[in-house]
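Consider the two complexes below, in which subunit A is the common component and subunit B and subunit C are the respective partners.
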Partner chain A sequence: MLIALKQRKPLQYLLLLVVFMLLYRFVPQSEANWLWRLPSLFKELPIIINDAVNYLMFEWMPISVYDPDIEEYEQKPLFGQITRGFSGVILFMIELVREILLGGVKTIVTFTSWDWVSENKWARWPALPWTVITGGMVILGYSLGRAKLALFILCAFTYIAVFGQWESSMKTLSFVLVSAPIAILLGLWLGVWAYRSKTVEAVMNPLLNVAQIMPHFAYLIPVMVFFGIGDHAGAIATIIFATPPMVRLTVLGLKKVPPEVAEAGLMAGCTDRQLLYRVLIPSARRDILIGVNQVIMQCLAMVVIASLIGAKGLGNDLLIALNQLRVGKALEIGVCIVLIALVLDRLSLAWANKQTDYFANLSFKEKHQYSLIFLVVFVVGIALAVLGSFIFKEGFNYLYLIPQNKGITTEAFWQWGVDWIWEAFFYSFKAFNVWFIVEVLIPIKNSFLGMPVVATFTLMMGIGFIVGGIRSALIVGGCLLFIALTEWWDRALITAYLMTIAVVISGTIGILVGTLAAQHPTSSRFILTVCDTFQTFPSFIYLIPVMMFFGVTDTSVLIAIVVYATIPAARYTIEGLRSVPQELHDAASMSGVNRFQRWLSVELPLSFPHMALGINQTVVFALSMVIIGALIGTDDLGQLILKSLSDKAGVGNGLVLGFCVAFIGLAVDQILRTWADQRKQALGLS
Partner chain B sequence: MSLLKSTSVKTFIGACCLSLAVISASVAAKDSTKPIVIPIHNWSSQIVMAHVIGGIFESMGNNVEFVPADTQAVYESIRIGDVTISHEVWQSTFGKSFYNAMAKGGVIDAGTHAATTLEEMGVPNWVIEQNLCPGLPNWEALKEEACYKNFTTADSEGKGRWLEGPQSWHGDMMPIRLKALGLDEHWTVKFAGGADALWTELVSAKKEGRGTMVFNWTPNFTDAEGYTFIKFPEYTEGCRKEDGGDGKCGSPNGWLKKAANYKFPKTHPAAYTAFSKISFTTKQVGEMAALVDIEKMDHQDAAKKWLADNEKTWKAWTK
Partner chain C sequence: MSVQTKTSNTIEPVIRCKSVYKIFGDNAEKMMKDSGGVIDTEKLKEAGCIVGVNNISFEVYPGELLIIMGLSGSGKSTLLRCISKLTTASAGEIFIEGEDILKMSNKQLIDIRRSKMGMVFQSFALLPHKTVLENIAFPLQVKGISTSDSIKRAQEMIDLVSLSGRENHFPRELSGGQQQRVGIARSLAIEPDIWFLDEPFSALDPLIRREMQDEFLRLQESLNKTILFVTHDFDEALRLADRIAIMKDGIIEQLDTPANIVLHPATEYVRKFTEQVPREKVLKIKAIMEPVVPGEQLSDLEVFAEDIIATVAEEVLNTERPVAVVDVNGKMIGVLHRANVVHTLFGNNDAVQP
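Right, the complex of A and B next:
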C-alpha cells in the first residue's frame, strides 16, 4: 500500500485532497481556535519596520549640511544624503536628454546656479524643432532597419506630433531613454553574475520575484523619501520593476548555450572577458533580446505609476484625462505610450541584429552618409522653424514645437464608440455580470474565506512536498506562515481568490492563443505585437469603460488582471514553440505523426521550460496588478496598501503588506519552478 | 609650521563667514532664485490653481517648477522639502495625511481659503427627481425599503450600497456612521479605488437610470448638473467615534487649507507672504474648474485667462 502510494503521484494528490476536505469540514470557525486562524503575532512588525526605516531615513548618522537659503546648518542623515547624491546623477541624465529634445535651463543651472540663470535670461537651451527629431529618428531607423522601420517611425512620430502630445511624449521618452539602458545593463550584469555562481542565483531568484511582485505603492513612500520626488524617483521605481525579467532571460539564455560553444571559445584562446562578450552573450542573443524587449515594455508600463512620484509626461496627462472621464483623450495618450515602446523596441532589435561588415572598404562619404543626411535635415528643420515664426504670427509655431493639446483629436469618435457599445450590449453585460458575481465569484470568495488556516497550510505544503520534497514544503510553509502571523490573513485569502481565478483564465487563454499563433510566423509576429501593445497600454484607460459596464466590482478587477496577465502566458508559449528546431519537426513528421500529435508529444514538451516560465510570469503579472485592482475598489491586500499612503505608520504597513503579496508569489513560484525543473530533467532538457 | 597653517586656515574661514554674512545680510529680504516646487494632482481646479499660483509667483520674479505627485504621498514630500507648497488641502480627504506630516515636523499651515467645502454622501439630482428614495435629503429616508431597494448591486447581498472613496480618505468613518445610525441592516459600504471610479459610477448609473449613492464634494464639477448631499444629524465638535463621540453625525462644513514646507518663509519671504494671503472663494474655485471642465480649455490656458481676468484680485495679494 505504502509503496504504491510512494510511486503514484495522483494517489498522493488524492489523499492530500481528502485530508484537506476533512480539515475544511471539521475545523470549527472561531477566532480563539489556532487551527482556524493563527494569532497575529506579527502585529507589531509594521511599527517596528516603520521605526527602523524612519531611523535610517531621519536619524542614523546625521551630518551637518549647510543650507545657504536659510543660512543655517541642518542635521541630515547620511543614508539619505548618499541616496540623494545618486538621484542627482540620474536626474541630471534625464534632464540632459530632455533638454536636448525640448530645451530648458536645468542643465545650465547644474553648471552655474539659479542666481546666474535668473540674471542672464538669454542662457536658455533651445529645443530642437520636432521636424528635426522626427527626421533624425527616421534616418536612424533607416540606417538600422531599412525602409520599413523608417516608415513606421515616421508614422509614429507624426502621430505624436499631430495629436498634440509632442511635449509630453518627449518628456516620457527622455525618462525612458535613461531608465531602460540602466535596467538593461544592470540586468545583464546581474544575469551573468547569477550564471557564474549557483549561490548568487539561489539568492537572487527570490529577490527578483519580490522586486517584480511587490506592489509599487508599497515602496512609493520610501523611494520618495530617499530619492526625492521627480523624474529620478520615477526612474528608480521603474528600474526596480523592469530589471528582473532581463536578469531571468539572461540566465536562461546563457544556460542554453551548448558547452561545445564555450569550449570552442576556450580552445581559440579566449580570455574570460572575451569568452563572455564574444562567445556566450552573442550565442545567448535570442533570449537576451527578449529581455531587452521586456525591459522596454516594463519601463513604459510604469509610466503612469511613475507619474505618481513625479515623473513628468504622458503618465500624468493620462491620469488627468481619466479623472475627467475623457476616455478618447486618454486613449490617444495611451497610443503614444505604446508607439514609443514599439519604436524603441524595434530600434534596439534592429541595432542588435545589425552585422558589422569588417571587410568593407568605405569612403568618407559612404561611412558618414547618415550623419550627413542628418545634418541636412537639421539645417532644413531649423530653417523651417524660422520660417514658421513668420507664418504663424499669432500663438504657436507649428513648425517648431507643436503645443500641448492643440493638435487634432478623435475624442468624439471614441465617446461615440463607448455610447454605442452601451446601447448595444449593456444589458447583456449586466446580465452576465450579475450571474458571474452571484453564481461564481461570491461562492468562490466565500469558500476561500471559509478555509481554516490549517487546511490551507496542509494543501499548499502538501503540494510542495509532493512536488519537491521536504525542502519545497518548508519554503512554501515559511512564506505562508509570515502572512498568517500578520493580521491580514483574510485579506490575503481574498487576494489569493482573485489571483487563482485570474491565473486560470489567463493561463488557458494565453497557452491557447500562443499555440495557435505559433503555427505561422506571421500570426506569431502579430500576436507578439498585440502582447507588446497590451503590456504597455496603460490598463487605467480600459478600466474606465470596464467600470462603466461592470461597475465597481470584482468582475472589473478580474478583467483588468486577465488582460495584463495573459500577455506572458501567450508570449512565452510562442517563444517556446518557435524555438523548437525545424529538424525535430521534420523528424516527427517523418515518423508519421499528424499535426496535433506533433504538437502534443514533441513541441509542447520541448517548449516546456519556456511555458513554465510563462505561467510563472503570469502569476507574477497578476499579483503585480493587485494595486490596479485596488484603484478600482477591492477589499484585499491592495486596498490596505493604497490606504497605507495616508497612514501614520504607512511605510511599515505598506512594506509588510507588500511582502505579504510577494510571499504569495514566492510560494507559487517555488512549486512551479521545482516542478518545471523536474520535468526538464525528465525530458533531458537541462 | 603646522600651527601657523591651521591658524591661517581658521582666519580664512572666519573671513569667508564674515563676508558671507555681509552678503546675506544685504540680500536677506530677497527671495531665493531656486524654483518653488508646486505639485500637480489630477483634478481640474487643483491644476489650474497650481498654474495660477505659479503665475503669481512668476510675476513676483520667482522661478517655479511643477511636479506631478500623488495626492496623499505629497505631504511627506512637502515635509522633506522636495515640494514647497500644496494649495488645496481638503479637510476630509487629505486632513489625515496633512496632520500626520505636520506631527512629524516640516509642514506648516499657511492659512485657509475663503472657500468652504462640504464632503458628504449624496445622490445626483435626477435620483431625487425620479423619486428613487422618497424623503431625501433627510437621512431618515434611508431606513425605508422603498429607498434602499433601489440602491442594491449584485455584490451587495440585497443591501443598498454606499460608494465611498478609498480608505485612504477617511478610513472607516462611513461604516462606523452606518452602524451608529442603525442603517447597517439595510446598507453596506463599498470602498472605491479612487475618484475616477466615483465619476464612472455616476455616469454609468445615469445612463442606466438606477439609484446610486456616492461620496462627493462641493465645489466640484458635479455642481453643474446638480448634486444633493444627504442631511445627516449635524456635526458637532467631538461627535465622531475617533474623537470619543457616538458617531451619529454627518460631515462638517470643511476648510480648504494651504500647506507649505517650513523653510519656505525663510527662503522666499515675499512669495510666502503672498501665498499666505492667497484666499480663493468657492466661486473662484468653481470658475477655474469650469474653464477646463465646461469650456474645455487647456489647464495652462485656463490659468492664463483667469490671471488676466482677475488681475485686481491677485495683485492685491502680492503687495
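Right, the complex of A and C next:
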C-alpha cells in the first residue's frame, strides 16, 4: 500500500483530497478553534511598521540643515532630508519636461526666484503649439522608423489634440518621459550588477519575485509616506514598480550572450567597460529591449494608479470619468493612454535598431536635415498659432492648444450605445448577472470562506509536498502562515476565490484558443499579435467596457480579470505548442496518429511545462487585476489596501496587506514553477 | 612555411608553454594551494576535479602553423584559451614573445591583445548588432582608432577576404562561410603577429570547408603569421599544418610533422587516426627518395623534395628512368625510382622510411 502510494502520484492526490474533504467536513466552525482560524498574532505588525517608519522619517539621526526662510540652522532627521532631496530632483525633471511641452514658470523660478519672475513678465515660458510638438514627434518618428512610424505618430498625436486631451496627455507624457528612463537605467544597472556577482543575484532574486507580485497599490502607501503626494511620488512609485522586469530581462539577456562573443570582445582587447557597453549589452539587446518595452508598459499602467497619490494627467481624468460612470469619456482617455504607450514603444524599438551609414559623405544640409525640418515646423507652427489668434478671436485658439472639453468628443455616441444596451438587454443582463452572482459566485465564495484553516494548509502544503518535496511544502506553508496570522485571512480567501475562478476560466479559454490557433502559422501569428496589442493596454482599460455591461459588481471585476488573464495563457500555449520540433510531428504522423491523437499524445505533454508557466503568469495577472478591481468595488484584500491609502497610519496595513497578496502569488508560483522545471528536466527541454 | 625551425635553437619561439595545467572544479584552487605547488592529478581527479590541460609544454616558432588536434573533451580548446588567457591556467608558464602572460597585469594583457593577437571562433562570434563593416572595424575602434581610419582599414580587410558588396549586411544575413570570412577579417584587422583559430571551419559544410581551407592557405602564404590552430578534423590538420600536436585527456600524445605522425605514430591512439590516411597525400617526395648514385641515367623530369607524392606520382610513373629530386635552390639531393612511388601507393607502408 505504502509503496504503491510512493510511486503513484494520482493516488497521492486522491488521498490528499480525501483528507482535505474530511477536515473540511468535520472541523467545527468556531473562532476559538485554532483548526478553524489561527489567532491573529501579527495584529501588531502594521502598528510596529508604522512606528518604525515614523521613527525613520521623523526622528532617526537628526542633522543640522540651513533653512533659508528663517535664516537659521535647524535640526532635521536625515532620512526625511534624503527623501526630500530625491523628490525635489524628480519633481524638477518632471516640471522641466512638462514646461517644455506645455509652458510654465517653475523651472525658471528654480534658478531665480518668484520675485524675479513676477518682475519680469517676459520670463514666463510659453507652451509650444500642439502643431509643433506633433510635427517634432513625426520628424523624430520619420528619422528613426521611416514613413510608417511617422504616419502612426501623426495619427496618434492628432487624435490626442483633436479630442481635447492635449494638456492631460502632455502631463502624462512628461511623467512617463522622466520615470521610464530612470527605471530603464536603474534596471540595467542592477541587472548588470546581478550578472556580475552571484551573491547579488541570490539576494535580488527573491526580492524581485515579491516585487513583481506585490499589488501596485501596496507601493503607493510607503511612497506616500516617504515622498509625500504629487507627480514626483507617482513617478517614484512607477519607477519602483517598473524596474524589476527590467532587471530580470537584463540578467536573462546577458546570460544568453554566447560565451564566444564575449571572448571575441576580450580578444579584440576590450577593457571591462568596453566589453560591457560595446559587446555584452548590445548583444543582449533583444531581451533588454523587451525589458524597455515592459518598463514603458508598466509606466503607462501606473499612470492611473499613480494618480491616486497625486500624479496629474490622463490617469486622474480616467479615474474621475470611471467614478462618474462616464464610459465614453473613459474610453477616449483610455485610447490616449494606449496611443502614448504604443508611440513610445515603437519609438524606443526603432531607436535601438537604428543603423549608421558610414559611406555617405554628408553635406551640412544632409547631416542636419531633421533639425532643419524641425526648425521649419517650429516656425510654421508658431506662425499658425499667431494666425489662429486672429481667426479665433472669441474663445479658444485651436491652432495653439485645444483645451479640455473643447475638442471633438464621441462621448454622446458611447453613452447612447450604453443606454441602448441597457434598454435592450437590461433584463437579460440583469437576469444573467443575478443568476451568476447568486447561483455561482456566492456559493463558491461561501465554500471558500467555509474552509477551515487546517484544511487549506493541508491541501496547499500537500500539493507542494507531492510536487516538490519538503522544500516546496515549507515555502508554501510559510507563505500561507504569514497570511493566516494576520487578521485578514478571510479577506485573503475572498481574493483567492476571485483569483481561482478567474484562473480556471482564463486557463481553459486560453489553452483552448491557443491550441486552436496553433494549428496554423497564420492564425497563431494573428493571436500572438492580438495578445501583444492587448498586453499593451494598461489593466485599467479592461474595466471600462465591462462596467458598461454589468455595472459595479463582482461579475464586472471577474470578466475584466478573465479578459486580462487569458492573454498569457493563450500566448504560452501557442508558444509551447509551436516549439514542439517538426521531427516529432513527422514521427507521430508516420506512426499514423490523427490530429487529435497527435495533440493529445505528442504536443500536449511536450508543451505542458511551458503552458504551466503561462498559467503561472495568468495567476500573477489575475491577482493584480483582482486588486485593481477594488476600484470598482470588491470586498477583498484590494479594497482594504485602497482604504489604507486614505488612512494616515496606513503604511503598516498597506504593506502587510500587500505582502499577503504577494504571498498568495508566491505560493502558487512555487508549486507551478517547481512542477514545470521538473517536467522540463524529465523531457530534456531545459 | 618550412619545418626547418622545429629543431632550431637560435630562433626565439613566439609561444612557449612550460608545464601548463588547467584544472576545473570548486575546490581545485584550494587543493593546489594546500599541496604547495606539487600537482597530483590523480588526487585531484579523485576529489572530483576535471583536469582540462595536464602538464603541457611546447613551443611555436615564428611563421609556423601548429595545429592542436583532438576529439571533443581532449582539452584542445582549453589549452588555446589558456594561451590567449581567456581562461587563466592553473599552473605553469606561458611565454608570448618572451613575456609570461600569467604574470601580466590586466592592462598589459589588453595591450598585447590589441596589438599582437587575433582570434577566430568556431561559432564565428560576430556581434549581432553590428554590420560586417562595423564588426571588422570593432577591434580597431576598441583600440581608439578614429572612425574614418578604422572604417577604411576594415574596407581593406573586406577586400582581402572577398566580401566586397556585403559591408552593410548584418551577420544574420550571411551564410556560415561568409560569417567566418568576417570573423577572419576581424581577427586580422589589427595586423596581429599571432593568430589563434579555434575550430574555425568545423561549423561549415564540407565543400565550403574545403574552399575556406584553400583561402586560409592563400592568406597565410602572403601574411606568414605564427598560427595556433585547433581542430578535431585529422584531415584538416594534415592538409594545413607544419606541425601537429595530438591531444587526448589533456595530454599531448604526439607533436610532430604530419609525415612523421603518419609514418611513426607514437601511441596506439595516434595510430588509429593515421590508419585510414592515404600516404601519398601526406608524404613528401623527400620521405621516399633514395640517395644519389653517381653515374645513374636520369630522366629529364625533376621534382621538388617538398612536393607531395600524389601531386607528381602520375608523371613519375610515366617516366622510364629514375627522376632527379631537387631542393628549392635546384640542387639535386636525391633520386626517385618508380618502385618507390609504387610502393607508397600500393605496398606495405610500414617499410617506408621518412
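We adopt the following convention: the second predicted complex is superposed on the first by the 497 of 686 C-alpha atoms of A that agree within 3 Å, B and C clash if a C-alpha of one lies under 4 Å from a C-alpha of the other, contacts with A are read in each partner's own complex, and residues count from 1 in each chain.
Methods note: a residue touches a chain if its C-beta (ideal position, glycine included) is under 8 Å from a C-beta of that chain, and two chains touch if they have at least 3 such contacts.
Computed from a predicted model, the values in this text were never measured in an experiment.
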{"item": "Partner contacting more residues of subunit A (subunit B vs subunit C)", "value": "B"}
{"item": "Which of subunit B and subunit C A:Gly269 touches, first, second, both or neither", "value": "second"}
{"item": "Partner chain(s) touched by A:Ser579 [first = subunit B, second = subunit C, both, neither]", "value": "neither"}
{"item": "Which superposed partner A:Ser589 touches (first subunit B, second subunit C, both, neither)", "value": "neither"}
{"item": "A:Val225 touches, of subunit B and subunit C: first, second, both or neither?", "value": "first"}
{"item": "Touched partner set for A:Gln12, first subunit B, second subunit C, both or neither", "value": "neither"}
{"item": "Overlapping contact positions on subunit A, where the subunit C interface meets the subunit B interface", "value": "none"}
{"item": "Contacting residues of subunit A [partner subunit C, same complex]", "value": "258, 260-261, 263-271, 274, 278-279, 282-283, 285, 355, 357-359"}
{"item": "Of all residues in subunit C, those that touch subunit A in their complex", "value": "81, 84, 86, 110-111, 113-115, 117-119, 121-131, 133-134, 138-139, 142-143, 147, 151, 167-168, 183, 186-187, 190, 196"}
{"item": "List of subunit A residues in touch with subunit B within their complex", "value": "67, 69-71, 113-115, 117-118, 220-221, 224-225, 228-230, 307-312, 315-316, 319-320, 322-325, 404-406, 422, 426, 430, 433-434, 437-438, 441-442, 540, 543-544, 547-549, 551-554, 629-635, 639-640, 642-648"}
{"item": "List of subunit B residues in touch with subunit A within their complex", "value": "24, 32-35, 40, 42-44, 47, 61, 63, 67-70, 72-74, 76-77, 80, 82-83, 94, 96-97, 100, 103, 153-155, 163, 166-169, 171, 190-197, 199-201, 203-204, 207-208, 221, 263, 266-267, 292-293, 298-300"}
